Amino acid sequence: MSRDLMMDATGNDERLAPTYGAGQHRLKAERESQILEVSIGPQHPSTHGVFRMDVKLDGERVVQLKPVFGYLHRNHEKIAENGSYLAAIPYTDRLDYLCSMTNNWGYTLAVETLAGITVPERAEYIRVIMAELTRFQNHAGLVGFLLQDMGASGTPLMYAFREREKILDLFEAVSGARMMCNYLRFGGVRVDCTPEWMKETRELVGVLPRFVDEFERLLRGNEILMARTQGVGVLPRELAVNAGVTGPMLRATGVNYDIRKVDRYGIYDRFKFRVPLGEHGDVYDRYMMRVLEMRESISILEQALKEIPEGPVQDPKTKLRGLRPKAGEAYGRIESPKGELGFYLISDGTMNPYRYRVRSPCLINLTILEDMCLGQSVADVVVTLGSVDIVMGEVDR
Amino acid sequence: MNVSFTMAGGLAERVDQIFVTLDHWAVAHTPGPLQWLVQILLIVVPILAVFPGLFALTTVLERKGLGRIQNRYGPNRVGPYGLLQPVADGLKALTKEDLVPRTADGVVHYLAPLVIVVTAFLVYAVLPVGRNMTAVHLNAGLLFFFAIGSATELAVFMAGWSSRNKYSLLGAMRAIAQMISYEVPLILSTIAVIMIAGTLAPEKIVLAQASYTGIFPHWYVFTPWGFAGFLLFMTAAAAETNRSPFDLPEGESEIIAGYIVEYSGFKFALFFLAEYLEIFAVSGLGITLFLGGWSAPLSFLAVIPSWIWFFAKLMVMICTFIWVRGTLPRLRMDQLMNFAWKFMLPMALVDMVCAGVWRFLPGGALWSVLRWVICTVIVVVPYVALARGLQMGKKVEQRVYRYAEEG
Amino acid sequence: MLGEGIVKGLFETARNFLGSYVDKDRLVTVQYPEERHPLPEAARNFPFLLYDGDDPEAGLRCVSCHICEKECPPRCIYIEKSTDKKPDFVGKPQFYPARFDIDVSVCMSCQICVEVCPFDAIRMDKEFELSTDDRFGGLMWTKKELSKPNEYYQKIHPVEAAETDARRAEDVEKAKAKAAAAAAAKAAEVAKAAEAARADDEGAGKEPSKG
Amino acid sequence: MSAPELGAVGVDLSADALRALLVAAIEGCSVTVVENESPSGQRSLVLDHEHAVEAAIFLRDNSELRLDFCSNVTGVDWPDREVTEKVKVKKMVEGLEGATEQEVEETRKTLAPGYLEAVYHLFSMEKKHGPVILRLRTRDRAEGNHLPSLTPVWRSAEFQEREAFDLFGIVFDGHPDLRRILMWDEFADYPMRKDYVSPAEDEPVLDDGCLPGAEPGAEQGAADA
Amino acid sequence: MTVAFILLALITVAAAVAAMSMPRLVHCALALVVAFAGLGCIFLALGAEFVGLAQLLVYVGAVAILIVFAILLTRGSEISMRPGARSAFSGTVIALAVFAVLAHAVMTSRVSRIATTVAPPSNRVQEIGVELLHQYVLPLEVIGLLLTAVLIGAVILAWREKPAAEQEGARTR
Amino acid sequence: MNPLSACLLVAAFLFCVGLAGALSRSSAILVLAGIELMLGAANLNFVAFWRYGSVAATSRVHALTGIMFVLFSIGVAAAEAAVGLALILAIYRHAKTSDVTEITELKG
Amino acid sequence: MPDHPWRTVIALLIGAVAFGIAPLALARLWAMYFSPKKPGPNKNAIYECGLESKGDAWIQFDPAYYLYAIIFLIFDVEAIFLLPFAVAFTGLTLGAAIAMLVFLLLLVEGLIWAWQKGLLTWA
Amino acid sequence: MEQELKDLKVELQKQGIFTTTLEELYNWGRKNSVWPLTFGLACCAIEMIATSMARYDIARFGAEVFRPSPRQADLMIVAGTVTKKMAPQVVRLYNQMPEPKYVIAMGACAISGGPFRDGYNVLKGIDRYVPVDVHIPGCPPRPEALLHAFMTLQKKIDAQQLRGEGRPRHLKADAPSEYPVPGYGAHNLEPMHNDDVFPPKPESPFKVLP
């Protein structure tokens, strides 16, 4: 197996990264005849899009799992390198198509770092509001999809989408589109939110906790859910850190790393919120991280909606069209609902970014998929994958 | 005929027996040599008409019910209230191209849906759907039910194997493993009833429950062993018929659609039909064994015809199935098997013992209370123990989460 | 762990089931063709071209400056500039698009064309019932299909349209003022020149101030 | 991100400091600092191939630095370019007093060979600081496109290095599973390189040819405009 | 000697022949099931309700599954059997000879001449139960013992102990 | 021919089919199936004798003997099938074949 | 009628087969007259998530399946003996019931053995 | 549309009432039981999911039965970007669906490659390989737009004839029901399009550049 190669190449150095657990699951020659090779995906009800896993099964047990990517490789980076800085924003919407607002933010943050742009205060608040609404709907949706993968005939997903629709209505009212908001701009946001919008948002934020409660009543104590998720897809802490896993998945292993706290980008240092931490790093922890973060998001939303000042929403000095940052490079990152979303930009002084790179949390969180799945059943693979929270638009870009 | 029946009065009796009377009338009015034919037709045709009809109704009901659970309407445009939806589905299935994979085993592939439908229909022969309304009176009716029902596993195997598709075969193996595992508790949980009723004939079991104390019926479900047996039976029935949360063989999130992956057109519809027919049949059996079959729940309600009661109870069961399906996620294979062998089977055995104890404890005022208590203990203690044992070593628990300290 | 969680969940779904008969919040379906969820004012789908007055040809605001064509991220706007000019709303002679096509099968509804257009000539439509079985005929919208009157804009985006109209009215005012000033200046110049040339000749070179 | 190189208290994460640390810790290690003029000020370190893995391990395991989190790995393509530079050359100049050596300015056009680059963004989860940016450069864009893989040090590089291999054609030696990741295996090109041209597609256009964007190859031109 | 009996006998015999002669093992197994089911139905036709159904339950439900599993577990499903591979001819000849002897014995023996009772003897399940627990209580317990032994024995035979490391690995990750 | 001998004939034929299969098929599983068939044929005899045998009508005590025999025989046959197939599995695992000829050859 | 309960069963059997075959035949008729069958190499290939299927599906399975089948068989046979007992139970003496209990316990012992061996744990 | 339908009916009734009723029944059954394939590619798939969720509830039309296996599906909603890497799979899935089958190209990407049209790995429209019944422009189209497209499809089905020249593809014995699956080439898919479906019809204002 490939891992052995690596060991040879680097001389079995202890300091090297923890590798696949494959060694202990090596296929015995005598078992070969029982190995069933299946590919799960690319068209499969629970691979969340066009993901594919080439799985080798021994009975029901996974002995090898190779993720295959690229079925949604849309050349985002190439296209962005051929377009202007502004033109890339609507494309970022389509990266993680569930969270266009946070994607916008990640990109604008990188451009702002690159070109030294400041953002007016009100715009910062609006960004936080949008990002947290996005986080909420993403997490709700994820829990729904996860339960769907467990075969819950769609009920939790329906409830999640019921709430999501309300949030999308807000997005649409302010940005004009439900999913592809294209709302943030470097130096601010595109349009201001009206007072009515603020009022509606406040009302919605007021009822969101009820939805979380409903979710918890429906699911949290469910024995089947617990039995199917606890101890499944366990991710050891060291491996998680070494493999660059970020977001709720990392925090489920107990590592306290939330970029909102670490980088304090935007104005996140003004809000009081807690970072929930898991302990076991299994699917249940990951699920609970999302639920708890939903509650924290609500709390951030409440604060932001209370404190938001009046003022302009766009830095007037910033040139949106025809921006030409000085030659140089910048890496900007945010805590997207899925993990660290980073944008790496190299400018050569022209109107197009010379290099545009998306550090996608989904792709990197998938690095350890095989490690989490070895020795488990196919059903667990599906659930584990579901708990990683991937969106193929971002994995393949 | 029956104690409670006398108070129902003549008209009620006539309505109750309307089908029986019609049957006799029709038979009496046919020429002698043909009588047997008419007699048989009058039994077979209603079964072939009513239950598929019920199937059609149930599919809409299920889709609408799930819709309501999920805050939406469900099918409501095809015909009044969407009631014609199954007709459209059926027409579509009928005119759909029938695909058989090239490498598949054609004959077996063709036979599998037939076998499964035939077995599903056959078991109705012994189901009493109303007073004097059992198609075939067999002394060993229950055994017939299980014997015929066991052919389903074979049909599933045929379907999965002949498709020569990995998912189907995997699905079929799962399905068979699941069905055989749950068949044991299914049969064993009926034994308690048989022990008390002393017969294998379903209609006699119903009759054994069709008396009342005051207005309350003597259904077996109202005894400790009966209650436990009922739950066991229905759980096993859900698993046996691949209903949620035991719908692994079709667990689409892992193995697409299980053993029916390669079936299209009406063959697929037949699988669908058979699945529902099995659900009705096994629910009907559950009703017969534990819920007093066609007897009314309260003595004065006996004026309502018995077959209405049967179908009303059936509807309740179906609705419960839908409800459960709308709520629960699916179990995993190992959990499913563990549950069958480590919980259901021991519980079924305990339940048998409990029924035995129930029978041998003497009657009398004080004793009947004591009997209740003893039997409840006999059932509850193993329940708790086994439920605990199920999670032993797995540490399945509600967790408390900590937060990073502010920093 | 004896099944309470399952029972709790069952209650939750039962509540939703029953609630769907009494509570609007638990039956959220909008039965689309008959009922419609109101679109917010900002809603956008595809761009359209605005024209003033009744004549889509004459009143078209677009001056064919190609800015939107260049900025459109997927580059789905195709413009051909006219060779002649026609006066725009303030009377300035401008080019106009001889051809203005938008390939809506490519358009990503990003609204960037609208943002960058300096002439308020292009706006986003809300219409979304556009499914067609004609791939090659139905999805390339030409100038004719794209042109919509200002009233339509006022109808679908009232607040935005009012703003735009006000701004344009201002522009017209400004243009008028400018024209007047220019005229005045010109007049003055002419007057001066005239004065210089022939001091007694007055009143010549007056132009109507209409722009 | 206002002070990107300022980590937790006491640790100097500036490129120069790190360079000094690395050179001191690893024998023979050559590290150069790449300046960054833009407001972001994120400077980076170029490592040599031989000591890259050592240096990476050092950065990861050093108790002060603990750069345990390799966030971003990416390839960058720097094609060959013509460099116009003014050089002062000593030349024999025929003067009045005969030939004298004189410094003369001359414009010289040289073809600077292109290279491929892998960029690693490091952070520390433990110390919560970063980023530290590492760069590795290949010799050229053809045969010499090899780089040492840092996947053995940070697993997170695994897929990203594969991606750089797939799209840029950087071969990472020591990578456990270097295959194409996004494109299909039969694919022959490296599409993210700057000189990649999309294959001509049969594109429907309106009869009168008014679909300039649709003409093959037109995209690039339009983009640059 | 009814039509039903003749039909059933024909089906059973045909299925049995098919089961022993089809090339593909799974088909054989399915034919075997038909043969067993036919046999069960003959029992039923003869009036032995309980045993007939028991035959169906055990053979169609359980033994068939067992055989099918065994076929799948030994990768038998793909092997296209060569019917003539192993002494097919001599086997058939021997069998035919045996049949000739048996048939002759049946036809010539006294049983073919005795008058048969018209009504089947009563065999209500209840009587079987009572009989089972009085007359046949010892065989019952022996069967119980046998079944237990079979359970343990067969399981041990079929069950291959998994390497310990592997088993551990399965759950620790 | 009376029903009894008809039954016996059918049973005899079934027995011989099973015998032929057991003797001639090379798959161990089919050999086992053949044996099962023979057992089934024996059961048929039991039932036939129970049904038509003259004893049945006369003696109350032994009325159920045939049935009982069949019942136990079914149990034993099932047990035999389980063990037999398990054996085949075990051999298969060892010899990688379930072909009787090959197995004997392997044994050498 | 009571003399021939099986006649009805057979009729039901025939009816059920007809019920199954009729729509299939109808579908075939429809295909014959209106909508022709159009097989194709791809169409009639095995479905595998949109990929070409690799390897054969008829592979060897985990012996665990067989173990369950054995246990199932044993309990099925047990049920055969339990049923007559249960029917006769109301008329039985305590001794007979205990005899059955012994029988049962023997089997339970096998079950417990299997449990202890971890056989009932699905791998 | 309405008028056309009526005309059609009259026309058919001339041929005999039987055909008409059978045809009507056939079309009615087909159009009211369109089961989509569980198949989402990208962002548009999320809107497709949203369409089946409570707010929009495609179940009202009887189309919520998303079948994971193409064998049981009638409708393939190509919702999202078809990349070149995915295209063979999409075509194969389409091929594996039994007739009658329909395709809705949902969103700009599925129709033409949409915003990603210029990408080296993006297929410029699924109609290059399989025939598409309904196109929905939009990026992503709103759920209502999908419902609208669904109703457009229903209308289209309703107008189909059972007999005669105008009958749809799946009723003609010689019309193909499976299309060649493109292969992976060194630079592009091979072939780049399927001649049976792709080049726009001669009367269309489009032509194909080589």
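Going in written order, the chains are labelled A, B, C, D, E, F, G and H, and every chain counts its residues from 1.
To be clear about the criterion, a residue touches a chain if its C-beta (ideal position, glycine included) is under 8 Å from a C-beta of that chain, and two chains touch if they have at least 3 such contacts.
Since the model is a prediction, treat every value here as computed from it, not as a measurement.
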item: Starting at chain B, fewest touch steps before arriving at chain G; value: 1
item: Pair of chains whose C-beta contact count is the highest in the structure; value: E-F
item: Cα-centroid distance, chain D relative to chain F, in whole angstrom; value: 78
item: Computed distance of Cα centres, chain F from chain B, in Å; value: 34
item: Gap in Å, rounded to a whole number, between the CA centres of chain G and chain A; value: 45
item: Inter-chain centre distance, chain B versus chain E - centres from mean C-alpha coordinates, in Å; value: 29
item: Numbers and ranges of chain F residues touching at least 2 other chains; value: 71, 74-75, 78-79, 81-82, 85-86, 89
item: Touching two or more other chains - residue numbers and ranges from chain D; value: 182-184, 191, 204, 206, 219
item: In chain G, residues with contacts to at least two other chains; value: 6, 34-35, 38, 41, 43, 45, 47-51, 55-56, 58-61, 63, 65-66, 69-74, 76-77, 79-81, 83, 86-89, 91, 104, 111, 122-123
item: Touch list for chain H against partner chain D, complex; value: 84-85, 118, 120-121, 124, 184-188, 192-193, 199-200, 205-210
item: Of chain F, residues touching chain G in the complex; value: 71, 74-75, 78-79, 81-82, 85-86, 89
item: Touching residues on chain B, where the partner in the complex is chain A; value: 66, 69-72, 166-167, 170, 244-245, 247-248, 251-256, 325-335, 391, 394-399, 401-404, 406-407
item: Chain C-facing residues of chain H, complex; value: 54-57, 60, 104-105, 108, 111-118, 125, 127, 132-139, 141-142, 144-145, 147-149, 151-152, 156, 200-201, 204-206
item: Chain H partner contacts - residues on chain A that touch it in the complex; value: 42-45, 49-50, 70-76, 78-79, 82, 90-91, 94, 97-98, 157-158, 161-162, 164-165, 178-180, 392-393, 396
